[in-house]
Amino acid sequence: MDELFKLPVLLGILYSGIRLATPYLFAAVGETFAQRSGVLNLGVEGIMLMGAYSGFYVGMKSGNVWLGLLAAALVGILMGLLMSVISITMQAEQGISGIGLHLFGLGLSSLLFKTTLGSVESINGFKPVRIPILADIPYVGEVLFNHNLLVYAAFLLVPLSAWFLSKTTFGLKIRAVGQNPQAADTLGVNVIAVRYFCVCLGGMLAGIAGASLSIALINLFQENMTNGMGFIAVALVYFGGWKPYGVLAGALLFSFVNAFQLWVQVLGIKIPSDFAIMMPYVLTILALAFATKRAQQPAALTKPFERGEN
Amino acid sequence: MKSTLSRMLALVMLVAILAAGCAPAAATPAPEAVSTVFKVAIVMPSSITDMAFSQSMFEGLKKVQAEMGGESAMEIAYSENLFKVPDAAAAIRDYADKGYNLVIAHGSQYGTSLEQVAPDFPNTAFAWGTSVDTFQASGINNVFAYQAEAQQGGYVLGTIAALMSKTGIIGETGPVDAGDAKLYIEGFQKGAEAAKPGTTVSVTYTGSFSDVSLMATAAETHIAAGADMLTGSSQSVVGAIGVAKDKGVYWFGTQWDQTSLAPEAVLASQVYDWSGIIKDMIDSVQKGVMGGKAYTLTFKNGGLVISYNSAITVPAEVKAAADAAIAGINDGTIVP
Amino acid sequence: MADRAGVKRVVNRTVEALLPLLAVPVAFLIGAVMLAALGANPLEAYGAMLQGAFGDKSGITQTLVKATPLLLVGLGVCIAFRGGVINIGGEGQIIIGALGATALSIGFRDMPGWFLLPMSLIIGALAGAVWGGIPGVLKAKLGVNEILSTVMMNAIAVQFSNYLLRGPMIDPKEIEQGTRIAQSALLPKSVWLTRLVPQTLLHSGAILALILAVLVYIFLWRTTIGYRIRAVGLNRDAARYAGIRVPFYQALALILGGGFAGLAGAVEVMGVQHRMMENLASGYGFSGIVAALFGSLHPLGSIPASVLFGGLLVGADKMQRAVQVPSSLIDALLGLVVLFVVGSQIWSRWRARRRETHG
């Protein structure tokens, strides 16, 4: 066990954990906005897949990863718009519309992949950007400050979103809409518009989350490559108590433990690999059960809004 | 509202059943004119573009098709991503029902279903793998079985990796510690340790056949632990290959030639060439033998091929050691 | 006059019931465009789909085989949703239920069938109930959100199953032959559920599911416990005020939900596969939610909804084979159908409300 607590191992965990956490951060922070406004979007996984595909396809065909990122963001917004129409305007049961959106994204991204690409190929994605001075800090510098831009963006998104939600008027409106839409409505807030904005913003970030895999971290597209990450991202929103910093804590915990369990296997520590793989899931539940303070969920979460009710 | 919905659903069903009852003729295909086209159908658990297990078989079929003279001589129908066994069972039965001459169930998990379907279609030949059981013990004579001796190629690639490694550390990463992946990974380990005693081979599993991201992280972890040679099994390894490329270490592929993904990093691959087996099965069926044979892909019968990447120079003595390993496996002096 | 009002009511109700159906053709129309783009004839494709799901003996039985686990999972979803909790842990609970039934029936293979078969079903249900109960208790005692815990428990169940199927529970034949496929030995024949139609997979689990649907209806609407679960789901605060122990009944709803999913797993191994293997659950845990919601979260409504959704799944696969399009088209199409159907329920809701307000 001692060998696990050596410097190279700890630095390795730090490095891999940061990379693993990146897609979760984009997707889960985006979902935080949607849920804060009162909409549960279970379709994050499907949006991520569409984002991953479109980011990769446009990035490869144009030779410009920025265009790929833009495409992923736009497709994410479109998927968010679809979710909004069904769940907000049509007031559909949100649990089920999300599952429909997931299936749609899963199927469409694979179908497009099959018809436009046909085989797995790799791409030259976003390159690591070394931040001068900071990256020269002994030991941790290279690990923390030599990543691609999307990794930095994911981590910057957290304080930005926290500030936006808690300090700006628009953030206040979002929270009001998720907490008590009728009251917000009487105060002149356009509940429907705020919810559309938040779900589309969540969709955009989920699309970018997918692109962070296909054009920045793994640099290829394969069918169903997110493999359940979207659902974990939704779970992380609950873990984080609908706060960006809480989401960050959850994403880091999950990712660090995942990186840790791989080291446990690499170093040949004798436990069955299946139990090692379980660790992040078990610890996330335990951490929420015993270590953190529980937040109240937005009171109007999953409840459709209609003017003049109550 | 609640009860009307359920009533509505009952109504839909009724309509659907009626409609189906009224219009079955439209959907049943007209009886085919008697022709010499050999019809093969294949049912697969993953996608034909998975760069691994399913793709190797599909490309094998296409190769045979080309050799036989294209679509006019051999027809291929496929159903992919059927990881749900009941769906695969329905597909197997359906293809048999439609008169396909050979129906391939390309997944060991399909065995139980095949054992139930095959007796109902004595004039159809079935094949399944990876397995060695043709069900002859239960009185079924129209099933072929096939499997790959994944450990053979693993052994040879392990030999190459150990001799090429500068750090003496090799990383292997698989999906689940079972089946074909387990055979390959254990063979690789054996080969590496035999070629250069003292080589460290560490193994990780991600617990999933499709978790590309965790597979990439596993590769990162191996590299951080000092590995400069990596290998792995399943369709999710594409993630690890990307990491190998970025970090400048070598990758060894299995099941399918993975060179195209990273020409600068994939040093060699064990390729499953099923075409020989497929041809033999088709020959048998045309002669009226519908099953009963168990095939294995080995170096000896040409079913396993080590495909080197021409863009990377492998020292002659390493290639010689690999050839010696193949020879040893073929004459039985080496048991991977 | 009374007659005319009666006719009007019937017409109104029928129109409301049929409105969401208008959405299905829209979804299929989009599907038709995609099919045509892939070079397939949409009419031929949809013909094959309908024929495949309901057109003949093989289609209907396959549909019912699919509908069975959907209905069982759906019943659990009904109870959970009625209790105001969302159970998306069906996948994991199916796996654990199947493992429980497999372990018991293989471990005690010499026991007589009349005892072993019901015991295997019960153990399967109990195992699922434990797996669903963990999130239930965590929610009741520690306030852990059930969406988080059930998502995580799904992943844990998969790994636990991987561990058992490649180690303690692997078929000894797999080690003998050196193929090492992660699957259990065949279950003893004494626990195989009776095949209802020869040469098809339709098994007696379908009847069990039907009976249970009626029992769940009675349980939810005719018993005190059922009433309390619904009261908690309808209005938590009112229920608390009425002296109902809200956390207890929410945990109970999750436990029961898990039990039904576990039973679905047991029925699936004992009726269809006859052995435990990887990917046994794949998708039923989620499709069951869709089936239950299509059935308006009513146990009896879930019956036609499961058959319909099962038929959609079976027919879609048939269509793939008939016109040879990539199977991913099917997922996209199913997603559209789900989106359009849930989205369009608003029309019938609007009409219903207008009728109420305008008499």
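The chains carry the letters A, B and C, assigned in the order they are written, with residues numbered from 1 in each.
Simple rule for what comes next: contacts are C-beta pairs under 8 Å (C-beta built on N, C-alpha and C of every residue); 3 or more make two chains touch, one makes a residue touch a chain.
These numbers come from a predicted model, not from an experiment.
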Margin query: Graph shape for the chains shown, where an edge means the two chains touch. Line, ring, star, complete, or other?
Written below: complete
Next item on the list: Please identify which chain has its centre, taken as the mean of its CA atoms, farthest from the centre of chain A.
Entry: B
Next item on the list: Compute the distance, rounded to whole Å, between the mean C-alpha positions of chain A and chain B.
Entry: 33
Note to self: Using Cα averages as centroids, what's the distance between chain A and chain C in whole Å?
What the structure shows: 28
Next item on the list: Please list all residues of chain B that touch 2 or more other chains.
Entry: 81, 176-177, 207-208
Checklist line | Multi-chain contact sites of chain A, meaning residues that touch two or more partners | finding: 110, 114, 223, 228, 272, 274, 277
Notebook entry, point to check: Going by the touch rule set out above, which residues of chain C reach two or more other chains?
Noted result: 159, 162, 166, 326, 328, 345, 349
Margin query: Which residues of chain C touch chain A once you look at their complex with the stated criterion?
Written below: 34, 38, 86, 88, 138, 142-145, 147-149, 151-153, 155-156, 159-160, 162-163, 166-167, 286, 289-290, 293, 326, 328-339, 342-346, 349
Next item on the list: Please give the residue numbers of chain C that touch chain B in the complex, ascending.
Entry: 13, 16-18, 20-21, 43-44, 47-48, 50-56, 58-59, 62, 65-66, 158-159, 162, 165-166, 170, 177-183, 186, 199, 201, 272-275, 277-280, 282-283, 294-298, 300-305, 307-308, 311, 313-314, 317-318, 320-322, 324, 326-328, 345, 348-349, 352
Margin query: For the complex, give me every residue of chain A touching chain B.
Written below: 8-9, 11-12, 15-16, 19-20, 23, 110, 113-114, 118-122, 213, 217-220, 222-229, 258-259, 262-263, 265-268, 272-274, 277
Checklist line | Residues of chain B touching chain C in the complex | finding: 1-13, 16-17, 19-21, 23-24, 26-29, 45, 77-87, 89-91, 93-95, 97, 108-109, 112, 120, 130-133, 147, 176-179, 182-183, 207-208
Item checked: Residues of chain B that touch chain A when the two form their complex -> 47, 49-51, 81, 171, 176-177, 202-208, 210-214, 216-218, 220-222, 224-225, 235-236, 238-239, 241-242, 245-246, 260-262
